[in-house]
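Letters A, B, C, D and E mark the chains as written, and numbering starts fresh at 1 in each.
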Amino acid sequence: MQTKRMTFSRSWLPYALLAPQVIITLIFFIWPSFQALRQSVYRQGDAFGIRPPQFVWFQNFQALFADPLYLNSLKVTAVFAIGTTLLSMSVALLFAVMVNRMIRSRDTYTTFLVWPYAIAPAIAGVLWWFIFNPSIGIMPYMLDMVGYNWNHRRDGNDAMIMVIIASAWRQISYNFLFFLAGLAAIPQSLIEAAAIDGASRMKRFWTIVFPLLSPITFFLLVINIVYAMFDTFGVIHATTEGGPAQATNILVYKVYRDGFVNLNFGSSAAQSVVLMGIVIVLTVIQFRYIERRVNY
Amino acid sequence: MASITMDNLCKVYIGGVKAVSDVNLDIADGEMIVLVGPSGCGKSTLLRMVAGLETISDGTLKIGDRVVNNLEPADRDIAMVFQNYALYPHMTVFNNLAYGLKNRGFKKAEIDRRVREAAQMLEIGQFLDRKPRQLSGGQRQRVAMGRALVREPAAFLFDEPLSNLDAKLRVQMRVEIRQLQKRLRTTSLYVTHDQLEALTMADRLVVLNAGRIEQVGTPMELYSRPATTFVAGFIGSPAMNMLPAEYLKTLVSADDLAHLPQSADLIGIRPEDLSLAPPKEGEMALTGELMLLEPAGAESHLHLKLAGLKDIFVARLPQVPDVSEGTALTFSLRRDQLHPFDSASGQRVA
Amino acid sequence: MASITMDNLCKVYIGGVKAVSDVNLDIADGEMIVLVGPSGCGKSTLLRMVAGLETISDGTLKIGDRVVNNLEPADRDIAMVFQNYALYPHMTVFNNLAYGLKNRGFKKAEIDRRVREAAQMLEIGQFLDRKPRQLSGGQRQRVAMGRALVREPAAFLFDEPLSNLDAKLRVQMRVEIRQLQKRLRTTSLYVTHDQLEALTMADRLVVLNAGRIEQVGTPMELYSRPATTFVAGFIGSPAMNMLPAEYLKTLVSADDLAHLPQSADLIGIRPEDLSLAPPKEGEMALTGELMLLEPAGAESHLHLKLAGLKDIFVARLPQVPDVSEGTALTFSLRRDQLHPFDSASGQRVA
Amino acid sequence: LSQTTVSWWHAMGGELGELLEGVAEAFNESQDQYRVVPSYRGTYTETMTGAIAAFRANQQPHILQVFEVGTGTMMAAEGAIYPIYQLMADNDVHFDPDAYLDTVVSYYTDPDGNMLSFPFNSSTPIMYYNKDVFEAAGLDPETPPATWAEAEEAARAIVESGAAPCGFTTSWPSWVMLENFSAWHNIPLGTQANGFEGFDTEFVFNNEHVARHWDNLAAWQDDNVFRWGGPGPGPDAFPAFYAADCGFVFGSSASRAGVLRNSDFEVGYGFQPYYDDIEGAPQNTIIGGATLWVLTGHTDEEYAAVAAFFEFLSQPEVQAQWHQDTGYLPITQASFDLTAEQGYYDENPGADTSIRQMTLNPPTENSSGLRFGNFVQIRDIISEEMEAVMSGAKTGQEGADDAVRRGNALLREFEASMN
Amino acid sequence: MVENNRWGNFFAHVILILGVAIVVFPVYVAIIASTHPPGTFVRGVMPLWPGTNAWENYTTAITEGRSRAGTPPIGGMMWNSFIMAMAITIGKLSISIISAFAIVYFRFPGRIFFFWIIFLTLMLPVEVRIVPTFQVVADFGMLNSFAGLSIPLIASATATFLFRQFFMTVPEELMEAARVDGAGPMKFFKDILLPLSITNIAALFVIMFIYGWNQYLWPLLITTDPDYYTIVMGIQRMVTGGDSEPLWHLVMATVVLAALPPVLVILFMQRLFVKGLTETEK
């Protein structure tokens, strides 16, 4: 890892400087993670924690992977994460490409497009939930006019679409800013060279711009998947609570639900462990990406 | 191949910057024109107007016999080499060269032939499978050249193509480009702010100043008879010394300046025109106190203080004289080496 | 003020790069030493070892009579001017100059006095309240100088202090620094990779190559009698032409080379030593085909092809000759202008 | 002066929450020794699970409002709960379980006959209907449908006449369309007398009647006869009713407060419909709502405060007022009598629908209530399986089978944790 | 010229204006809804034009909220959110900047190890280990406290990274010049590095403030005392009302109020926000 070519040398000072962060990290990150690992091989006695937990080896994990509902949750998470990512990224890319060609109105559009990032996922959920509310929402009303009977209470697909929209909405701002930065970083001369090389506008986009954005696209892909998998808790909790019939029960929500609502700590811990595994894989992928990006 | 004709070309950017004003220039078929001028004088703008990358606000641009004002860059039959090369970083060298041909629907075999030919000419054959980032600066420069070559265009446009290279490589590539151009005889427009590049490469040199042409001519013409004080100050290094005629009269005999027109109130003297030998027939003498002697190998620069003049006066000698700082030195100079200007208009007056 | 003594200085970086090897150098009090050499040769490393910014792996460094190997930079009584000036961007010019004095606990009045004195000397008095970003490149350079000056240190260290300036300003600042140093007579160590700077500023010049000293001497000594092929190739522009003695024998008469030692198997010829005048007594003749004539104002570079030699041979003339490319030209050259080297050791042999 | 403060976690949002705050305030004003601080903790489920988490973290409240389905879990939590009979005895407060309705008492007493929690807000599901819509649909606004056949017919009439876009909907689907449905038709939910007689109980509600009923509901959705109002509490049900989107709705008797406030039309009250081909129907409905549990881990002085508060709540005046304001059942005979005496039922026709329906017949083993461990989670499962049926992903039978299977697994887990 | 033609621009404007409309729509709806009387929402589809109750709704929301029904007044929750957001922001910034300083400007045994410990926090969002983290906080007795709300969230590698990245771009010579000028590490930190980091601190401030303000699951779990409710979690409390209906007019007024501070922060500090965002994450 890089440092400055010249560094201070003081024996205790760096440790003192690092201490606050390291201590907090150890207490609130590392220790709970170990706790999760430990709990994942226990079955708790009872809800109130009066009877002692029992060591059960990997039963929690076995039960987890034998449970069709958990497998369903994996599938739901995949659909949700991919849906949210694709929706927010494609819309954001479209906006970014359009805004990037603007000169004077660039900042105005950017201003209008960035602020949803400030809205908490839970609030985004409430907003869209309100819009999609079957009795008073505007969307079901409009959908009804075109003959679609919207009911996210009953129809898992409707519910999924709703939470995807609510989650993607806020993320558009984020992706937009990165795409815009990415586009701005593409040297104008490359586009000009391609124009002189006889490439049409579309062709320039697909053969020059898009490939050059690919590091950013890849980065956003991972970030968005992580966002959809973890940060959208609020969206789900404030709206569908995983329903109907677990159609939107994504993994993090299930961890929470099995832990705090169903009070099944062993299973919840096992799920935490699985999630940590997923996060680590995603991080490794991201690392690869960082290396790649450096080379570009 | 074709000539390029600029007829009263003007460029006003959105926002009102007038970057190019009334430029008239005929570039003959096969000629190498170099555009020089200080930063911001409109060199790139003019070049990009020819390329079709900037709209032409006013005037007519012809390439060959076609008016191309409204043609897309792709349809102008030109090729351009950019300052930062603008190589497509995600494509191999081969594909960088082939891209323009592919877009124009060339056959695979023909593309292959042309790319290999260009690659061979530029000695980059062994890099065809590499990505640009795997190449050194000089190699990238060659690929950029190659991309222009394969197209066999009517004209080459260069925008400071060597400014990203280190000094040694710059000299080498300068020679190579010049030789290549002489061989292919493709009409070329070359922008640089490097004097040496300008002087050595141009068939004709165009000095731009604030969007206008100051002077057009061969490098030698510009050097020996700069048409304006601007050109005089811009071409030649160290720069030409400029002295008020009034002041000069106090230093030299009236005879020395007699041959100059009345209107010449500013006199230019090139540092390299001075010599330490005693004045001969037709020569005049100039005395100053040596402030600093800068020896530089085979030559030396002498910084002089002329009595009553604030600015430093510089002389350049083809040797390192054995003199010491603080002494007064007398230089001789041929009278016909004075460059007379009218300070108000900045024009040369004889 | 003090002398600087380097005794077998070595620097091995963590990771094993041996950046400086066995450097022995005595810098006299008040002397201006310029370090030159190609990129990566260890110039900055050596300078920074003197400054105390790099630890010394081996050897002894004295400033004045003190061994300073283990002193903090602040305690070595040196001041340094960095390539990018390293001005504190958030402090005013005044505070930039004052910071080092404040840290050393100087009185307010004394700080004020010294800062104003330095500012006046450097003509930056009117900028004292500005932030560095509000200054031009040349002004920043002066502030950086000022920061070194106020401290009135035993030695100045400069690491390419002019390389961020444009050509014109570089010349001007070069002259100013040199004059200032001559006035203050503060011992100085100056790193540059610019030849002209090196030649014009140094009392003595040190050429470094791969961490070792190649040659130490006055600029004129190094130019006229380079001790190694490396120095020969490095000092002078265009670079010295190098020809195998065997090959040269085929072109010129045996007499011409007779005065050279047997071991001289590589002969250097400076481009500026050639002339188009017919050979006179003590001169030899050399013929080549003109490949490219590069006129450059008062002078010109001629790229020649010598029969049977792949490399281009360059001649530099103080005028633009009236010759055309493709013709054969004969140059004359004084026999004592040949630089004989032993190709195996790279050492000069006479 | 130093008051002893006790915290009371509850799940009463909206109008009910305001009324509950009123009760606490009344108590606080009635004396100056103690202070009850109510704290709204979200839905019943959130309140209960939040309290359990808090208990594990030693942050539990004194009084916890737990809905009836949490009873099994709470009863089993020996050591965490402070049984009410004991609390009252320890503090020398007179407490007479016999004053309460049988169905209420039996629901919350342990096998030894001791009352474990303090009855507070018991309800039972009834039908609310929009008289205006009924009239517009050409139905008799004074006669609510009694059987499911009539209900379907009425709903169709509503939709077809255009009086409202939907026939009916329901809140608390599991409570109404399974738990009470079973009691009302006198069929068992589980073995061991719906769990009253042992932890080794098993669900058996995957019978043809439940399956048929769920299938019917699912099928009716296609013609808008029925609209699914969401799982758990069924959050979309009442808004649809208020908006006159649905002609009638099934919900807790305690929804009366909200209905009265939010509907600008005439509201009628009715019993649950029944299938007249099922023997024993209609039997009686069972209670819902919640009782107040006392948690361990606090000081004697604080428990004295709790006891005093419960004593306050036991007064017939307090109970009668609560019953009248909210629609919760009058849980003591005294409060019922008082309300009748005050002429409340005469002035508010239908206000006694709930109590009449619940006491229609003497309860059987199938209609005394239910007591299953982990039932909070199990009810979520049932809701979920019903959702699957409603969306057409499963048939009624499949949904019921799956609910029984998943529910039994949780029952076994609970049983295992009890040993 | 290569990129622009009139029709293309027109088309782009059309797409963008539509896009902006769609993006703004949910909040428009919220604002509209917050201006209507309560009755509007029990009688069918919500209107798209403003109602007349804005003043009433907002005053009710701010002063009482649904306090009668158990959620505290918004004023208090906003204040809590503000305290928590500020505590998280300031805490994160200060511990991050000093740890980044240690990592970049010192070489000491265990540096890589500590670097990784900190880095691990990047990989593990609190959501994935929510149950044990809750327990740890409970064991420390930090439930229902501002310490509990903020401290566990202030160890973030993100900020440390940004500072590290930034410090790496600070010219080496500045530190060297400072040393030649006689400044020790902390003096260099205070006199040079901190002033230079101001923009980065400000940029991160925006990001962290939004992060802190928008916390949801964490306050939901660790607060049982309404005195510590934050606005974002409070909204959830208002929406899930058991048997009763959400009072949409108040919910939406609350939504608007809850969204206002972070949105204003973004709008007023857009440039810093963008800088903070695009630099932190990369």
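List of remarks:
Basically, a contact is a pair of C-beta atoms (placed from the backbone, for glycine too) under 8 Å apart; a residue touches a chain by one contact, two chains touch by 3 or more.
Since this is a predicted model, take the numbers as computed values, not measurements.
Fewest steps needed to get from chain D to chain E, stepping only to touching chains, is 1. Counted as hops between touching chains, the shortest connection from chain B to chain D is 2.
When C-beta pairs in contact are tallied for each pair of chains, A-E comes out on top.
Among the other chains, D has the CA centre that is most remote from the centre of chain C.
Look at where the CA atoms of chain C average out and do the same for chain E: the two points lie 55 Å apart.
Inter-chain centre distance (chain C to chain D, centres taken as mean C-alpha positions): 93 Å. Measuring from the averaged C-alpha position of chain A to that of chain E gives a distance of 16 Å. In chain C, the positions touching at least two other chains are 53.
Counting partner chains per residue, chain E shows two or more touched chains at residues 2, 41, 44, 134-135, 176, 179, 221, 236. Touching of two or more other chains is recorded for residues 6, 135-136, 192, 195, 260 of chain A.
On the side of chain B, the complex with chain C involves touching residues 171, 175, 178-179, 182, 195-196, 199-201, 219-220, 223, 235-239, 270, 272-273, 291-292, 294-299, 301, 303, 312, 318, 320. Residues of chain A that touch chain E in their complex: 1-11, 13-15, 17-18, 20-22, 24-33, 35-36, 39, 91, 94-95, 98-99, 101-102, 105, 109-124, 126-131, 135-138, 141, 169, 172-174, 177-178, 181, 188, 191-192, 195, 201, 219, 223, 226, 230-231, 233-234, 237-238, 252, 255-256, 259-260, 265, 268-269, 272, 275-276, 279-280, 283. Here chain A touches chain B in the complex through residues 103, 187, 189-190, 192-199, 203, 207-208, 211-212, 214, 295-296, going by the rule given at the top. Put simply, chain C touches chain E in their complex at residues 48, 51-53, 72-74, 78-80, 82-90, 99-100, 103-104, 147. Looking at the complex, you find that chain A touches chain D at residues 44-51, 133-136, 151, 153-156, 241, 243-246, 260-263.
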